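Presented sequentially are two complexes of chain A, the first with chain B as partner and the second with chain C.
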Partner chain A sequence: MAERVLKGQGWPGPLALVVTSAGPYALGITVAFAAVGIFMAAMGFDVPRAYSTIVFTSFRSVNGFIQTLLKFIPLVLLALAFTVPLAAWKFNIGGEGQLIAGAIGAAAVGILLADLPAIVLLLALILAGILSGAFWAAVPAWLLYRFGINEILTTVLMNFVSFGAMDYVATEVWPDPAAGHPTTVPIAAAGRLPLLVASPPLHTGFIIALAVVVAVYLYLNRTTAGYELRAAGANARAALLHGIAVHRIALLSLVLGGALAGLAGSVEVAGVHHRLIEGVQSNYLLLSILIGLIAKGNTVAVPFVAFAIAALEVGARAMQRTMMIPAEIVFVVDGLILIFVLLSDVVRRR
Partner chain B sequence: MPALPAADPAGPRTMLEIRGVRKAFGPVVALAAADFQLREREIHGLLGGNGAGKTTLMNILYGLYRADAGEVLLDGRPIQIRSPRDALRHGIGMVHQHFLQVENFTVTQNIALGMPGRSRLFLPLAESEQRVRDLAARFGLEVDPRALVAGLPMGVRQRVEILKALYRDARILILDEPTTNLTPQEVDSLFASLQAMVKEGISVIFITHKIREAVHVCHRITVMRLGRRVLTVPREEANDEGLVRAMVGEDVDIRRSVLFSGVSRKPQPSGGQAILRVEGLSVSTKDGVPLVEDCSLAVHAGEILGVAGVAGNGQRELVEALIGARQTAGGRVLIDDVDLTDAGTARRLERGVAYIPEDRLQDGFLPKGTVVQNLILGVHRRAPYARGAWLDWRAAFGAARRLIEEYRIRTPGPDAPAVNLSGGNIQRLMLARAFSSPCRLLIAHNPTRGLDVPSTEFVYEKFLELRDRGAGTLLISEDLDELFLLCDRIAVLYRGRIAGTLSRGEFDRYRIGRLMGGMEAAGARG
Partner chain C sequence: MLTLVPYVLASQGTMLAGRAGVFNVAQEGIMLVGASVGFLGVYLSGGGPLEGLLLAAVVGGLFGLALAYFTTTLKMDQFVIGLALFFIGLALSTLFYRLSIGITLTPPLISTLRDLPVAGLSRIPVLGPIFFRQNILVYGTVLLSLVLHLLLRYTGPGLALRAVGENPMAADALGVNVPHVRYLTTVAGAMLIGLAGAYLPMVYTGTFTEGMVRGRGWLSIALTFFGGWNPALIFLGALFFAGVEVLAFRVQVTGVGVPYQLVLMLPYLATMVVMMPTFRRLQVPAFLGKNYDRERRLLL
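Coming up: the complex of A and B.
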């Protein structure tokens, strides 16, 4: 499906995208909400109230807004972990494995090197997360580089390996017996990300995420290396014949993706949980791929789509609490938006 | 060459008529008000330069595009064609320049694909195969119905495509630039098949920009320019000069142009410095089958060295080895006396090699990119485009605007998606890219293939300019006229070996022909 989404798309031209795609997006969102609304009405739910909960929870209270930003951080990082390799036409479906690897690396540093001075520990912890995530992606990347093994398959499979690793670390290596759920002992307090807003708490991972968004944009759009990466993704053979080392770039793009996902893992550990908790990956992988596809791989659109999806997620949880409507309904909405955006593209091309 | 059958003396009837068709793509008007008439049992040449609207008109007839205005009449009745399915229902079939085939299906499977059978669940492939055999025999379209399409040469794949249309009972067959990828033998056999079709009552529309082919095979010729019909003449009344005039309009002064002046110029003084030296180069497949054997060449400063040969005699492999995209099995490649045999493409480009690939779309083009992104491919690591790790887009856009102007690339601007460029404009882009870099050695493979007359001339002018600047050029081409016009020396490639090298004074069509056919192994001088 991704092939259909992305073939024939221009390279990210920020303005062009906003102008030409506003129509299909508005239509896709409207139709998706309408379709799910009919469905919910048939089940006897109060549709207007459910929708106002979904859409406005994030904006009605400070708490809701901060919740949304907290979801936004891992989502945007993981979505970039998908779209950066995608620009080189490589498919990184291993974001959650790389996030878990990053979380493990970060937790390990936060627990083992607890005596380091505060700022050093924090930096070491973040770096450990990035490197662990990069390593987790480097395995499929190397298999692709050396043997030509399809990266879609290997990145997915590495996810399952990461589940086992996480379980082992949380139950065997540094288990916290007091917790009722597989969890490690907490990291040193010095390893926590400082807070940006004290109450409700918003950690500085938000700043990191925004900085990464800008850095990725500059890398892809303003550097020769980024140009080569996108050229390799646009036509690998032409790129190769014009002096671009496409195989090395494929490897690099996946490792970069892994590093971004690993960063997301360490930010979750250092900013939110302050320990490694099983389930740290949440449903971020699916959501992030959805974000990447709705944004059509455009790194400029990614943060906006990620924010919208985060808001819907927060709204859905609130709806579930107050109205007993399963939050998964929003996942249906997300999926339908993607489908309708794609459909309107196809129709427009006719 | 089979003799041309005389046109039906009983008064040829017009079977298809196109009236006042208009089609615009955004601001670009591809067809202004195009008319066209096709008679029964005729091969009708549709001649025109790049962007004249030939293919657009035929795509409308085949239901791929919808006309903004105008009508199509079949046997005097107006018909609506909304899709290729509609077109086929009316007996109109089309063979495109780029074939749409399932590579890992057999010939029969490809032909029968999408045809309704008697049962929804089973395909009577045995019957289909028999039908394919019958059709192939009837029209002289030799194919093995059971062969996998993937391994077939271009000529055979084209036959498959023609058979696809005939299998669907096409009465009108549209061929879009059918000879572009064919060897001379394949062209002959195609023309023979066309004659057989006409005898059986099929009419053929033959889209081409090659005047000689049109005059050779067509009963009538329609010339299009700028989205309009300029003239329609029977073959007997057609002459090259008149057709060229109709095709190019008043834009180009024919007599003064490089193409028609025959270019008399002094041969380059020999003994210049060798920019490219190839010594005993060999290239093999993974299984050790030799593709290029013991090939030695030298390109000197200010020289254009041609490589002639029938397609498939190692040209592609030689070029790929020279630009560093293919492993060599032996020999050396030196550029300015530096051994670059094992260097990658990037290092060769740094040394001033520019490359115009044969297969523009596959080997030279970023369809997902914009025009400017395409224009800097391969030179993006050099000044003024690169400043350290950063790309200077302002410099790139400035250069792109200049190149678009100078090379007359038809596009709204540097930021326009490259995917909207037409074939000829893509080639102009390739040229602009190659010539915009400080070029020591140009390697060009069939650079004018598929180009119209003004574009071809433009390419030739640029080649001569480069030669005068003292750069070396290796021109691999299947067009002998082109080689005779431009080259100081011509090396002939036959089965991966240099069969002979001739200097400008010794150019002789027949001699080169014999070398190309492997009938003579003249003393090879690199």
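Coming up: the complex of A and C.
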């Protein structure tokens, strides 16, 4: 595109723009599906039926669609928790731990302060989640700032620590003796997120998630602070020479990521489970990093990719239930899509 | 002693590639595939552990090849490719298992590796069984760490390897084939990581469970740093870590008043604490994570 402008041929038309930006994705998706499809056919699976289940389950029924949206919410928040630090070229692999920390904080508020009126409790709960997640990321961020320790290591280590903390809270502090699985007692009813749709339940977390996406976009692309963050990520040395506090920004970006993940945790507690269930983090971390990478860190692309991945997840589980094909096949598709998208970058650069 | 083998193997593998400047972050995925194919190799062939180990090493090597190709030849970002490979490894590990075994009620088992006592020495009280009655992978790991240390420090190729990681421009100018070295070390390192993964079903549980690597792959990155990218120190660091982990189990069993979750967290917290004063002093290879492009004039 730049070459066209430089040569005086003007900006490419809107069609060309759409094709060049969506093209690699479409191609990547097609090739990934094709590759796995061949593999599946060789194993004797009914490929067309499998694929139609994976892709369309989300759209065939209201339930499927709502399930997809319910998965979408934490995925998009976690993906942003990965991409915001990524814009500062920091790798936050700790989204899982930060989500758990947020869930713990939210559950704590929901259980301890149960007497507060509805809106207040809900807000306090969410705030607690955000702060807990931010704190969880602040530890690795500070270790990076003060000691230069690589954030990949520390965020991952904190994930492990969070598992222990979650187990402790669910089994020792507020355990629910009736449940067969480490879980806390439910939070006060006042702490639940109001529902958008009654049945199947879709909670307001969806609105929150969308609002956050917009907020993140505005922050990164329309504010000075966001600009500095992106500059620090793009070329730390140049940014430093221009007076941008690169190291402090790196710290801030990680804390922001943690806050986003913590929000995801509190939304899951307040909207879906209404308690702290061990395993609330599910496989979201993997998927969220994948989403962030496929979207190439672009805030606008993230919700779309997150939705697509959520749909594929729901579809894959359905496929596993009905056709006994392992749902993990969809992971392979996801991974291949990522590789092809990355490859298209390489091809374009040449 | 048993627990530290996967850590050491994976960390040495990471170190090997890292000393040449390739930062492998796909360990978790490679270990998972290694565990999966290693287990399947033994289970399906009905033979001894050798098939499984070999298969795990080969598959690991393939991942390493992919990593090397995408980063050294195509010059794509190492972290991102590493993460992508991690994901694919994760997916494939479960996939292979499910396709071969399907969903069963009871987990299929393979026999675990036998212990090979070293005659005479294993009879020394206390220390004897710990050091000299282990399975072959444990012996192999200790030997490997020693060999790596000696190779890296005292031989010509070892020097070339280190040079590639510290200053590939200089190494290139002296005639070292930088891409070659990177490819070789990445593949070899990934093979070690695959073996580390295979160790888990073969020695611990005798079966494969999804996610059985439990984050050890990520930990091995930490341990590599912890050991200052030095094979001997890595071994000691892994010993420390495994020691704390075993301590955690002991506490859990004997029921000292401390909640066991706290002790579970201990290895990770301890590692972070230890890294605080030491991280900056580590001799991290200067070009770790950076790709070398001969045609680039600018030095970043």
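Assume the second predicted complex is superposed on the first by the 331 of 350 C-alpha atoms of A that agree within 3 Å, B and C clash if a C-alpha of one lies under 4 Å from a C-alpha of the other, contacts with A are read in each partner's own complex, and residues count from 1 in each chain.
In the analysis below, a residue touches a chain if its C-beta (ideal position, glycine included) is under 8 Å from a C-beta of that chain, and two chains touch if they have at least 3 such contacts.
What you are looking at is a predicted structure, and each value in this text was computed from that prediction instead of being measured.
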If we overlay the two complexes on their shared chain A, which of chain B and chain C does A:Leu241 touch? Say first, second, both or neither.
first
Contact breadth on chain A, by residue count: chain C or chain B:
C
Touching A:Tyr51 in the superposition: chain B (first), chain C (second), both, neither?
neither
When the two structures are overlaid on chain A, which partner does A:Tyr145 contact: first (chain B), second (chain C), both, or neither?
neither
Answer with first, second, both or neither: which of chain B and chain C does A:Arg222 touch in the superposed model?
first
Looking at A:Arg230 after the superposition, I want to know if it touches chain B, chain C, both of them or none. Which is it: first, second, both, neither?
first
Examine A:Phe33 and indicate which partner it touches, taking first as chain B and second as chain C; both and neither are also allowed.
neither
Under the contact rule defined above, give the chain A residues that sit at the interface with chain B and also at the interface with chain C.
237
Touching residues (chain side chain B, partner chain A) in the complex
320, 323, 325, 344-350, 355, 357, 362-370, 373, 376-378, 380-381, 385-386, 389-391, 393, 415, 417, 419
Chain A - residues contacting chain B, complex
7-11, 13, 16, 222-228, 230-231, 233-235, 237-245
What residues of chain A sit close enough to touch chain C in their complex?
43, 91, 93, 143, 146-150, 152-154, 156-161, 163-165, 167-168, 171-172, 237, 286, 289-290, 293, 324, 326, 328-329, 331-332, 334-336, 338-339, 342-343, 345-346
Along chain C, where are the residues that touch chain A in the complex?
25, 70, 74-76, 79-81, 83-84, 87-88, 90-92, 94-95, 98-99, 103, 215, 218-219, 221-222, 225, 259, 261-262, 264-265, 268-269, 271-272, 275-277, 279-280, 300
